[in-house]
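The data blocks that follow each hold one structure.
Two complexes follow with chain A in common, the first pairing it with chain B and the second with chain C.
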Partner chain A sequence: MFRIFIRQILNLTSSFFLLCFFTFILCDYFFPEGLSFIIPIDSFNSSETGFLSQIILYFSRFFEYLSNVLTGRLGYSISRGISISDEIIHYLPASMELAFVTLALSLTFGLWLGTIAAKCKDKWQDKLILSVTLIGYSLPIFWWAMLLVLFFSMWLGITPVASRIGFEYDIDVVTGFLLFDSLLSPRYGFDAFISVIHHMILPVIVLGTIPLAAITRVTRSSMIKTLSEDYINNAIVRGIPTLSITWKHALRNAFEPILTSLSLQISSIITGAIITESIFAWPGAGKWLLEAVYRRDFPVIHGGLLITAGIVIFIYITLDYISMWLNPKLRDRSS
Partner chain B sequence: MALLKKMLFLSYMFMLMSCHDTSEPAKVFKANKSPTVQSKNKSLKQKSVSKSTTKINNIRDNLLVYCSEASPQSFNPQLVTSGTTFDASSKPIYNRLVDFKRGTSQIEASLATHWEVSADGKEYIFYLRKGVAFHHTKYFRPSRNFNADDVLFSIFRQQDTKHPFHNISNLGYRYFRSMEFDSLITKLEKLDDHTIKFTLDHAESPFIAALAMDFASILSAEYANYLQQKGIKAKIDHLPIGTGPFQFSKYNPDAFIRYRAHPNYWQGEQRLKELVFAITPDPSLRFARLIAGECDIMAKPLPIHVKSIAQYPDIISYNESGSNIAYLSMNTRKKPFNNPNVRKAINLAINKKRLLKIVYGSSAIEAKNPIPPNMWSFNNDIPESKYSPSEAKRILTNEGFIDGFKMELWAMPVQRTYNPNARKMAELIQKDLEKIGVEVSIISYEFGTFLEKTKRGEHHAALLGWIGDNGDPDNFFSPLLSCAAMKSGGNASFWCHSSFDKLINQARRISEPKDRAKLYEEAQVIFNQQLPWVPIAHAQQFILANKRVVNFRLAPTDGIYFNDVYLLPSVN
Partner chain C sequence: MSTNFYIQAQIPSVYQKWWLDFKTNKLALNALVIFITILLIAIFANIIAPFDPTTQFENAAHRPPFWYNNGDGRFLLGTDDLGRDLFSRLVYGARLSLSLASLVVIVSSIIGISFGAFLAFSASWVDTPIMKIMSFILSLPSLLLAIVIVAIIGPGLPNAIYAVMLVLIPHFLISTRSAIKLELKNEYTTAMCLDGANQFQLLFYAILPNILPSLVLQMVVAFSTAILEIAALGFLGLGAQAPYPEWGTILSESYDYLVFAPWSVAVPGLAIFFTILSINLVAEGLRDVMNIEKHR
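== the complex of A and B ==
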């Protein structure tokens, strides 16, 4: 397993290196002056025109770029003048909090609903779940969000409209995760925490609809395949309790495609987060990136995309590692 | 807990009513993954429920939430010209030597108790108020009250290019420059701790009114020295210290700004203990928040929102005829807008009545001059704008544009008081100009970027606007149409007309309103001949607020003041 771990680390670093390289090539080709915030514009200018020296020059610029990126010196935002790394540290926890909660809930409910659908294949439960997930998968997020806000927040008045917490609570930011910070601040007791959860309800529903639908469907198909295996039949015949079969034996074996689908859902959550955060005025990295595009704030767009892509790579490789841990058959692949 | 039980029961029923063929007795389902969020293994102080809800209600009754339309660019009003930044900085945090009486554009004493003007109009002596305390915050404790040094610092920082703070956060001191204060104030001296004397280059009657404007806000010199010693000068614009009714508490970019009442405010502590700006750029979301009760006051409602409050008994609207103008600026530095006849043709080709009806509803009046009709010296003799596409086409043909020409029209993506929907307006103008053969492509940038680029003259034609802030016509003419403004970037048409410029400069120097009015009327005639703009509309300004908000007034000079505003206790 240790060998695999090393291999994954190598995968991670080489992927990130390639990411930086492609980003650098793209930026340098389309918008070389724009990179002046990372590579000082007058450095590495040489009058030599030989082919080899050009290549060396190009790679020197790239390594300067890479070293700045890796040490976190991503430049300063044009519209606000704050350094990009500071802004990321500020905005990322809000998005991560939303993403974690969404992922946890959609995974939980997805597994549960998918299993039910698989067990009741072709019965009304299955049909209901399939049709509802199809609808959920096809809903445009912004429309769905507005519908929910209209119904629950404005008509019924049971959920708040936007923001992470009610304005009555003046919480000092310690970790950036309001779920923790609201508990760390003793002034309001439990109320601030309830307010945070209350404010999270609609954004999590909106953001989690598509992952939920996708996970449900993948679980269903994977479980159907697993439940038709011989050993399940064998277990039933031998008298092992049904619930135990379903949840302990079948699901564990069916988990691999679900894990693969999960890593795809990460990207879906990130794109969904951009829209969800804008609609619910959730001060996260998605909203920050979107507004940077409006403002043509190139250092922010560059830094934000690099970090986002880096996070996706990291999560993908981690999930890959977990799936290899779960399924030893995947381990010995000749690389 | 009840919810969890319901879910367990439901899942149990699902399993019961299904689907496997063996007759295995159903077992009670125990969820192996509880749908809860991250671990909360912290010890909590348990408060009784009733005590905490009344406590929250008490907090909410002394906290006003204002849904603002954008993030401020800075907390220092010296650096910018945008109303959003002024609402967030100069209005709550700072005071000026003189201020506007609430709800009007009349001047009243503020940090200066009284003043004397010399006979030649060039010397102004201000006597400063004693006992004015600065804000006392986590990041700075003042050791003295307001005095003359603070006025000197605030003015010199903007005027003196060698001042240690001049280049900090240098977005340019645009307002200071476009009012020509850098050349106007030849000397500012401290006669004693509470008396200062301005010596002007020439007599300038709007000078006192100009000192009530946001860029003339008074900062703390002691704070500046403290920051300089610590080597963090830029904080003066991010963590502000002033003398105003509310002090800065916290800023979460793009999310909220929190203010606390200044306990030692010289006019007495405000009834409102806390003020929160909830930054919500989307107007529909702002409206939704107002209806849901999350916000008490909403900035810049769309006309449709104003119309629909009839169905919400808790919401009332405040309106005021605005001192503003929306216009289409044609960059006279770029072809074909260097030709006054082409500009006239564009003016003739646009159907202003239809534009107003569609974009503003009934909340604006058509504009023919650069100043609004409620401003003195408005020249009503200027004929109303004509709409005649045939004449426009004829003029274009005469000028050699038989097949028309291509142009770019820049429209901002945000609402402003003077223009609730610039993009829609651009589309309507595009349709109108199509009829005379002019092909328009519409371009948009984020508002801050938009302003920067238009100030640099990168546009071909742009939809812009202006809100007058001191009830003086010079406040429209000088920052927008003077030759000086062309250099400092407020004159988006880059139109410098010598006779026009002479008239408005002369009007600034004399103090008799009748004579000034005559000069401004002449200037408007020249404007109507040259037409560097298409003046479009003067909008009424609206604000929607909850019934519980008391004492809130809109000023014709725009801007939101929270002085003396408070909330009635909520009924639940």
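== the complex of A and C ==
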């Protein structure tokens, strides 16, 4: 297991190195003058013209870029003049809060609904869950968001349409996660927390629909396969309670495809977060990145791409490690 | 009257068998019918649409659809904020979305499949780095990548198309490569090699027919991804620009009038939703028929 850990660390490092090289080439090719936000401008001018010295220059610039990126010096936003790393620290927690809540809820409900569907295979519950998830899987989430806003906010008037918390609350930033910050600030008691939850309902539903549908379907098919195994029959014969069989015996063995689909859903959540945040005016990294695209604020786009892709790669490799930890069969594949 | 004395069991070919199996799945069959209808609407858009999608009718802005009391019979699904007929815009939007999505799928699948086949056959040193890069691109969220590409080369419909193509290529490449690698391990390919087939013969006569189902399925799935992605880029204002009748763009234009004219939001979204749903149902049916394992 330790060897695998080392291997995954190496994998992470090489992927991140590749990511930096990728962004460097993109920046260098499309807007070389724009790279000056990271590398000092004088390292661009060189009097030497030889091929080899050009390559050496190129790589020395890359390593300068890499060292700046790794120490968090990502330059300054063109339109606002704020350091990119400060902006990331400011905007990222909002997105992460949304993503974590969505992921946790969709995983919980997905496992639950998928298991129900698998246990009632071909009964009406199964058919209902299957058709609802198929519809959920096909929803264009920007339209879904509008429909929910129209129905719950405009017609029923029970949910807010924008931002993370009611404007009457002034919460001190401690962690950046308003769910914790609102509990930590003693001024408003529990009201601020309720307001945070209230603002979160619609974005979480919008963002969670596709992951929930996908996880439910994977859980269902994987559980159907597992529940028909001999050891499950054996467990039934031994008189083990059904709940314990489904949740302890079957789900653990059915978990591997779910984990694989989870890692796919991470990127769908990030994709969806960009759209969701822009519709619900959620002050997170996705909206920040999108506004930077509108303003063609290249340092921000660069920083946003780097941090988002870095997070995705990190999650992928961690999930890969977890699945190898769960299933020893995966460990000795050559990579 | 000639009767056939030799009662021959009609053995259906593989494709016939798929069709026979597919027909038993009523849901998928209905979805196919809906999809073909949408496709026909897209093809004959200029006949079906009563007006030009960009014609503005003065004094007719924000007309509700015909089932409202104050609806106008001329405008079947109402008009938008500039007095353009929503039904015509949607019909032309179907043409735009479906043709662009099929262009994207065809180009990216040709590039992806040919490169994937090349990589699978040439066990050269380029294999590892290209696969590393491709799986790296695959791991990035697709819309994020498309947004970044559009951000670099500038917003607009052609650039959005390039972005979606670039995003879809790695999917085709990786799956083709791994599918061919798996087939190459089988005995029938070895037998064909021993018969003296060269690599092209091996690819076109032995391997491609065997991996065709999964490739077709992937193209169907990629088609719905492409429609959604183009619509999402259009919605975010990075894809098709204002006068184009593109579904995502129509939605983002009507979002400003959500309270005032809810139908102008509901109807374009329904068009996208039904297209995607029918494609997904067809893909589901194909997956069952072709015995491809669910959820890769």
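Convention: the second predicted complex is superposed on the first by the 333 of 335 C-alpha atoms of A that agree within 3 Å, B and C clash if a C-alpha of one lies under 4 Å from a C-alpha of the other, contacts with A are read in each partner's own complex, and residues count from 1 in each chain.
Going forward, contacts are C-beta pairs under 8 Å (C-beta built on N, C-alpha and C of every residue); 3 or more make two chains touch, one makes a residue touch a chain.
Please read these numbers as outputs of a predicted model, since none were measured by experiment.
Legend: residue contacts after superposition of the two complexes on their common chain; A:257 is shown touching chain C, with no touch to chain B. When the two structures are aligned on the shared chain, A:2 is found in touch with neither chain B nor chain C.
Legend: residue contacts after superposition of the two complexes on their common chain; A:100 is shown touching chain B, with no touch to chain C. Judged by the touch definition given at the top, the superposed model places A:290 against chain C, while chain B stays out of reach. When the two structures are aligned on the shared chain, A:154 is found in touch with chain B and with chain C.
Of the two partner chains placed by superposition, only chain C is touched by A:19; chain B is not. Taking chain B and chain C in turn and counting the residues of chain A each one touches, the greater count comes from B.
Applying the stated contact rule after C-alpha superposition, one finds that A:309 touches chain C and leaves chain B untouched. By the touch criterion defined above, A:51 lies against neither chain B nor chain C after alignment on the C-alpha atoms of chain A. When the two complexes are superposed on chain A, the residues of chain A that touch both chain B and chain C are 149-150, 154, 278, 294, 296. Residues 132-133, 136, 139-144, 147-148, 150-153, 224, 228, 231-232, 235-238, 248, 251-252, 255, 258-259, 262, 265-266, 268-269, 272-273, 276-277, 280-281, 284, 294-295 of chain C touch chain A in their complex.
Against chain C, in their complex, chain A makes its touches with residues 14-15, 18-19, 22, 26, 30-31, 134-135, 137-140, 142-144, 146-147, 149-150, 154, 217-218, 221, 257, 261, 267-268, 270-271, 274-275, 278, 289-290, 292-294, 296, 301, 305, 308-309, 312-313, 316. Taken together, the chain B residues at the contact with chain A in this complex read 11, 14-15, 17-20, 22, 24, 26-27, 29, 32-33, 35, 37-38, 40, 42, 44-47, 52-53, 55-56, 59-60, 63, 65, 73, 169, 249-250, 252-256, 258, 274, 276, 278-280, 282, 285, 288-289, 291-292, 294, 413, 445-446, 448-449.
By the touch criterion stated above, chain A contacts chain B in their complex at residues 79-81, 87, 90, 100-101, 104-105, 108-109, 111-112, 116, 119-121, 123, 125, 149-150, 153-154, 157, 160-164, 166-168, 170, 177, 179-180, 183-184, 186, 188-191, 193, 197, 236, 241-243, 247, 278-279, 281, 283, 287-288, 291, 294-296.
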